[in-house]
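Note that the chains take the letters A, B, C and D in the order they are written out, and that residue 1 is the start of every chain.
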Amino acid sequence: MAAKKNGPVIALGAVLAAGLAAPLVTGSPLGFYLEVLIGGLMAGVLYSLVALGFVLIFKASGVFNFAQGAMVLFAALALARLAEWLPAWIGIPAGFPALTLAFVLAAGIMVGLAWVIERIVLRPLVAQDPVALLMATLGVTFFLDGFGQTIWGSDIYKIDLGISKDPTMILESMFQGGILVSKEDLIAAVIAAGLVILLALFFQKTATGRALRAVADDHQAAQSIGIPLNRIWVIVWAVAGFVALVAGMVWGAKLGVQFSLAQLALKALPVVILGGFTSIPGAIIGGLIIGVGEKMAEVFLGPPLVKMWDLAGGGIENWFAYVLALLFLMVRPEGLFGEKHIDRV
Amino acid sequence: MSSMPPESADTFPRLLLHHAKVRGDRPAIREKDLGIWQTWTWSQVAAEVRALACGLAEQGVRRGDRVAIIGANRPFVTWTTAAAQSLGAIPVGLYQDAIASELLYIFQTAEIRHAVVEDQEQVDKVLEIGQEAALLKHIYYDDPRGLRHYTQPELMSIEKLKEAGRAFDAKNPGFYEAEVAKGRPEDPAAMFTTSGTTGNPKGVVHTHGALIDRARVACEMERLTDAEEVLAYLPPAWIGQNIFSYAQALVAGFCVNCPEAAGTVTADMREIGPTYYFAPPRVYENLLTSVTIRMEDASSIKRRMFKYFMGVAERVGGRLLDGKPVSPGERLLYWLGDLFVYGPLRNALGMSRVRVSYTAGEAIGPDLFRFYRSLGINLKQLYGSTETAVFVCVQPDGQVSADTVGPPVAGVELRIADNGELLIKSPGLLKEYYKNPAATAEVLTNDGWYHSGDAGIIDHDGHLRIIDRAKDVGRLANGAMFAPKYIENKLKFFPFIKEAVALGDRREMVCAMINIEMEAVGNWAEKRGIVYSGYVDLASQAAVYDLIRECVEKVNADLAQEEKLADSQIRRFLILHKELDADDGELTRTSKVRRGFIGEKYAVLVDALYGGRAEQYIETQVKFEDGRTGKVSATLEIMDAKTFAPARKAA
Amino acid sequence: MFYRENGQFKSSYREDQQILGIRQDRWFIFGLIAFAFLVVPFVASDYMFRAILIPFLIVSLAAIGLNLLVGYCGQISLGHAAFMAIGAYAAYNLVVRFPQLNFLLVLVLAGLIAAGVGILFGLPSLQIKGLYLGVATLAAQFFIDWVFARVKWFTNYSPSGSVSTAPIELFGYKFDSPVERYVLVLAVVIVFALMAKNLVRGHIGRSWMAMRDMDVAAEVIGIRPMYAKLSAFAVSAFYAGVAGALWGFVHLGSWEPAAFSINFSLNLLFMIIIGGMGSILGSFIGAAFIVLLPITLNQVLPPLGALVGMNFGTAMASHLEFMIFGALIIFFLIVEPLGIARLWAIGKEKLRLWPFPH
Amino acid sequence: MRQRKIGEVILDVRNISLSFGGVKALQGISFDVREHEVRAIIGPNGAGKSSMLNCINGVYHPQEGEIVFRGEVRRDMDTHHAAESGIGRTFQNLALFKGMSVLDNIMTGRNLRMKTGILAQALHLGPARAEELREREFVEHVIDFLEIQAYRKTPVGRLPYGLQKRVDLGRALAAQPQVLLLDEPMAGMNLEEKQDMCRFVLDINDEFGTTIVLIEHDMGVVMDISDRVVVLDYGKKIGDGTPDEVRNDPEVIKAYLGVSH
């Protein structure tokens, strides 16, 4: 295979950077600009959380888990409803104690659920075409969407982490008007960072984690040195279930728990394309890029477009991530941090 | 259209021209080739034959010359046969799998100068013979594959032959018509080689008149029309195939279909759905075996349904076919059975459209016979041989049974000689054995009776019943009658037994050597979890021996019922370690056991059987398909079988 | 069981290659078509036409389109409803801007426009496969959704963003009542299904299947991947476009962009998974399944729930529908990846072999 | 007996080097193939045989060297051009189209010659139908030649391995190639199947005059049927000549025969 040309990648990067800088050049106030940037980063953190689940499973088993979004919804529903029901059931005080217990229970449920999915759906499909696996996870998505709403209910629920949603003004001294930042968002970022660190530790320090990495590198080799693939896959699915719970909690707290959560999770797809299917840092950075890009495009690119073509409103963020991912695919299919594959005949 | 051709069409070439004129656009022959049924109409066939005849004439074939034809059922076989006949030459059909020495003998005695063969394999064989049979000067081949680089001057493709023929025809207008006009019904039309259980093959010469007469009589009897379809799948060198797929086709004007390859006959039969069908009992038996085996794998509901309706069919089917009274309730059941079982089964067998089907050559098992008839397939028996142009006796509709072969057909007289041998007088008798007046005189006496060599009786209905070959009917040491084939046939009616050889002439008891049917026994063994590594291993398994012993004992019980044969019960038997094979000389080309040869070849086994030994080591040379030879050896167990007291004769 | 094939031999390649080679199959299909044209119009209720038959026929067409791409050519598309949207809006604009155009011509033009867009979004397939391509088609879905929601020109500046159509008129005849619309759709669908069958049994169909089964070997044998893939995208999008136009004009009458959302796309995908990948017949079966299941659930569940003393509302039915779809997808992928059409084919083979099991 | 005319050089491989990442698969390989001959490339596993074939028909693009086919000099091949100009091939690991019947698989071999457009195909118009029937007839000759009539409509996946190999050969043959590249045509076959395959290879060479380049590691088979043999080892050419010359070449004996057989 001829060496991949880096030209288009650099060009694309330059265009993105230019796009990022453009609003400043055209005279948007710096404070506002930073506010948008930080908002984008926050959304990006959420995308990253979902994308993490994708990457974990893909890395270990080559399955593109379309159902990660549904798992997020399911986890968020479980958490929200358990936190609501538990006080009535066992008299535990509502609020933080109930939430904690609900989180533990939901974690158990998610791990169990992930285990069941792996055993019932993915195990029989081992060594199938990736597209078939993708479709199977689509089936899981539908099943979970229906199942989750059947047992947990289908209204909009709240997860109250007890954090004020009021925005805080920071850096007032530096900019005129300062920057509005929600405390909740900050906490979310911290949780996400914590989770990433936790996962990194898990992968680096535990035997299971090392086995996981071995499996990700080479299935056959891992199997030949005695790593039980089936058990690894179950663990990975369980971890992904837990990650989904964290993502669901953070996202649910921010936006409320509702059906659209599952759809929003679709956004994580372009993130992994961008970051590379097999890279955890890629998922984080990809998430941030998509989050920021989307917000920037919506805020700074949207209005001129609407004006220019007389559009019925903006909404660029609906497709921006995908089109960006598509462009990226054309120039660098393996993503920013993914591994290259050479097809041999 | 059921009208038979006029009497004036009294040779095969004239029949061909008649059909080309009367039904020129109807299909005469089809061949599955390149995936579809390539079709030739009667007028196209006439043109092909004309070109070939002219080509052969141009190459030097003259009236009375013998032309060898070797090939599978392909149109060229039919066409060159007719072409040779047009010139007054005698086509000599030869078996494709005939070994070189057999061929050489025929080529030499018949002084064959021209041979038409199918492909490279046959070309190689004939070229080799040609070295010795110095007369052979012209070889025409149908399939040029692999022959591109052959440079022998004798070789010519049939395509080229036809081209030459067309050129010749153009230069000599009227030649073909004149040649056809010269032919007379009493001219020899074809020569067939008899398999001959011993010695060299004999060439049976039949006239146009004899073949056409027999074909016509049978066509009229069964009301065959030009709408029939037949599948030509048996060796074309055999007279039966010639009668059913050549003579009768040319008399009635129906269409002959040639399968794509030997391996696709079943599929091709399903596609064509012949209306007129002939098969030796062996083929019916194999079909039934495969039905049984395939049904065994069916779900239990289906199996029960199958069994139930086959029971209904057994009660009702034969009676319906014979036009006997059947109650409305049974009619309804049979109708249901037809919907769910018989109809689909006939379809699967390719027999949905069969109006008349024959079996002959050997005795057919009563169960087997009844099975097909109960399905609504009009299976009937006939009796005949190469020397009698097949049709001697045929069971008419409504007078069908498993153990007779029916009354004589029109034109035939029968007589039983004092020694039990059947004598025949018929317009279809052979003209002579080619260049063998001694042999001719032996079978064809001056008073016009043909000595069939079969032992038979004529029952009170006037139906003929064949017991055995006259010369094979022997006596046990105590003087009791011993009809080995009768016993062997009874054994072979079991699906597990493929072949059997009964011994006992001039001995104190009857013993048998048995060949198991690999497929059926193998299936049976797998069902019981018996592991085996191959034929030899399977044949020597104790369980298999027990299975076969049960069969033998059932035959014994049967034999005990018949007063004259009660002494012929099988006392001891063994299972052979190899399949009897025509390549090893154990069977004839028509797959009949050569008892004498086997007796000599396996003398150690015979001695062991009669010597009371419990087992015997044997080593046998075998010929593999690719011509190499090898050895198989085994220690065979010999087993005693239970015998039964003779049934008391009713007072 | 009902097959009697003796005597049905083929003496030309033309006979051998006809679509329904067995006489009994021919009778069955012709009987079915005759029934659909001659009996159904007189016996079915308006509800039947509006809620079941017309949508079934139209989504069948869309499913055929998707099946050509996914089932035959092996290229995934998660955004096929977007091509339907293209067809629907293209037809709308053609009718609004050129009212004198024959509707059949409009259908074809709408299909062609969708095909053009299909080729555009098919371009990534030359570089990427599988999951990656799935994401690319999602991009098409979201982008096209957005375009029709935001660019006013496409909706002819309709203030609400939704568009509505007048009844179809063809050769001076108005197809207004449900029966008339049904017959029109039926005719269109039969013709297009036949064309799809013709395509897949010809050299173009073989080049698609070759790409699906073993792309390297296909290239080595001389099949151009670009031509094979893009033609599959084009034809597939064409079918989706025609189906979209019919969906808009015949089924909905008036619609907004949400009518062709990602959920519709996924439903189409489910149809071909359940119905049968790589089977025209399967597209119909899958469409019937997906159209009928929710209706059946809505009819059957409440009385069933009442029986066990539970109250199944419509929400419940919709959740159950999700679950059943999901479970079925998984079931078919695991047990019979080629869907009901494959089961049908096996059943047919069993009937041909009856009473034998194999 | 086989009496054939070996013609001029039809394919000339010059100084081909190919590497994957840092692994050198082929190093400066040159050899020629004459028209109508049977040319074998042998060597132990990993010698670069398959890579060589893949360069010839454009699946791989060598970093160095050139390929001259029928007088046309190319820096490297592309697969389509190779197919179009008459290079056919079979695959070592079956690369049949699993979802298709035997007939359809072989029909794809005719795709290069089938030109009717989508609309004509969809409507099954006269020219499209005529083209389809014409090519079907051609393919039937291939089926007949390879003696697989009984499996015509069977999905290839259901056939035993040896027959699948035959279908693979049929698919390549259907394109009427001038040069046929056979990648281990007898791998994994039993003796009888090998003999059949040998017969087909020789028949193809005989009947159609097709030049054959084949890879094998079964030395016996190769020596029997080929006119000239190239020996590769670790990506380098270590021998070239008639079977007898190669058999007696000390370096070949050392590298190949001595080690693995």
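Heads up, the rule we're going with is that a residue touches a chain if its C-beta (ideal position, glycine included) is under 8 Å from a C-beta of that chain, and two chains touch if they have at least 3 such contacts.
Quick caveat: nothing in here was measured; it's all calculated off a predicted structure.
Counting only chains that touch, the fewest steps needed to get from chain A to chain B is 2.
Set side by side, B-C and B-D show the greater C-beta contact count at B-C.
Distances between chain centres, each the mean of the C-alpha atoms, put A farthest from chain D. For the pair chain A and chain D, the distance between mean C-alpha positions equals 49 Å.
Work out the mean CA point of chain B and of chain C, and you get 57 Å between them. Distance from the chain B centre to the chain D centre is 45 Å, each centre being the mean of its Cα atoms.
Separating the centre of chain C from that of chain D, both taken as means of CA atoms, is a distance of 41 Å. For chain D, residues that reach two or more other chains under the stated contact definition are 59, 91, 95, 136-137.
Under the contact definition stated at the top, the residues of chain C that touch 2 or more other chains are 13, 16, 216. Counting partner chains per residue, chain B has residues 35-36 touching two or more of them.
The part of chain C that touches chain D in the complex is made up of residues 13-14, 16-17, 195-196, 198-199, 202-207, 209-210, 212-214, 216-224, 231, 234-235, 278. The residues of chain C lying in touch with chain B in their complex are 1, 3-13, 15-16, 353-358.
Those residues of chain B lying in contact with chain C across their complex are 30, 35-39, 229, 257, 270-273, 291, 294-295, 297-299, 302, 305-306, 339-341, 343-348, 350-353. The residues of chain C lying in touch with chain A in their complex are 74, 76, 124, 127-128, 130-132, 134-136, 138-139, 142-143, 145-146, 149-152, 161, 216, 262, 266, 269-270, 273, 315-316, 318-330, 333-334, 337.
Those residues of chain A that touch chain C in the complex are listed here as 64, 120-121, 124-125, 128-132, 134-136, 138-147, 149-150, 154, 263, 266, 269-270, 273, 277, 306, 309-316, 318-319, 322-323, 325-326, 329-330, 333, 343, 345.
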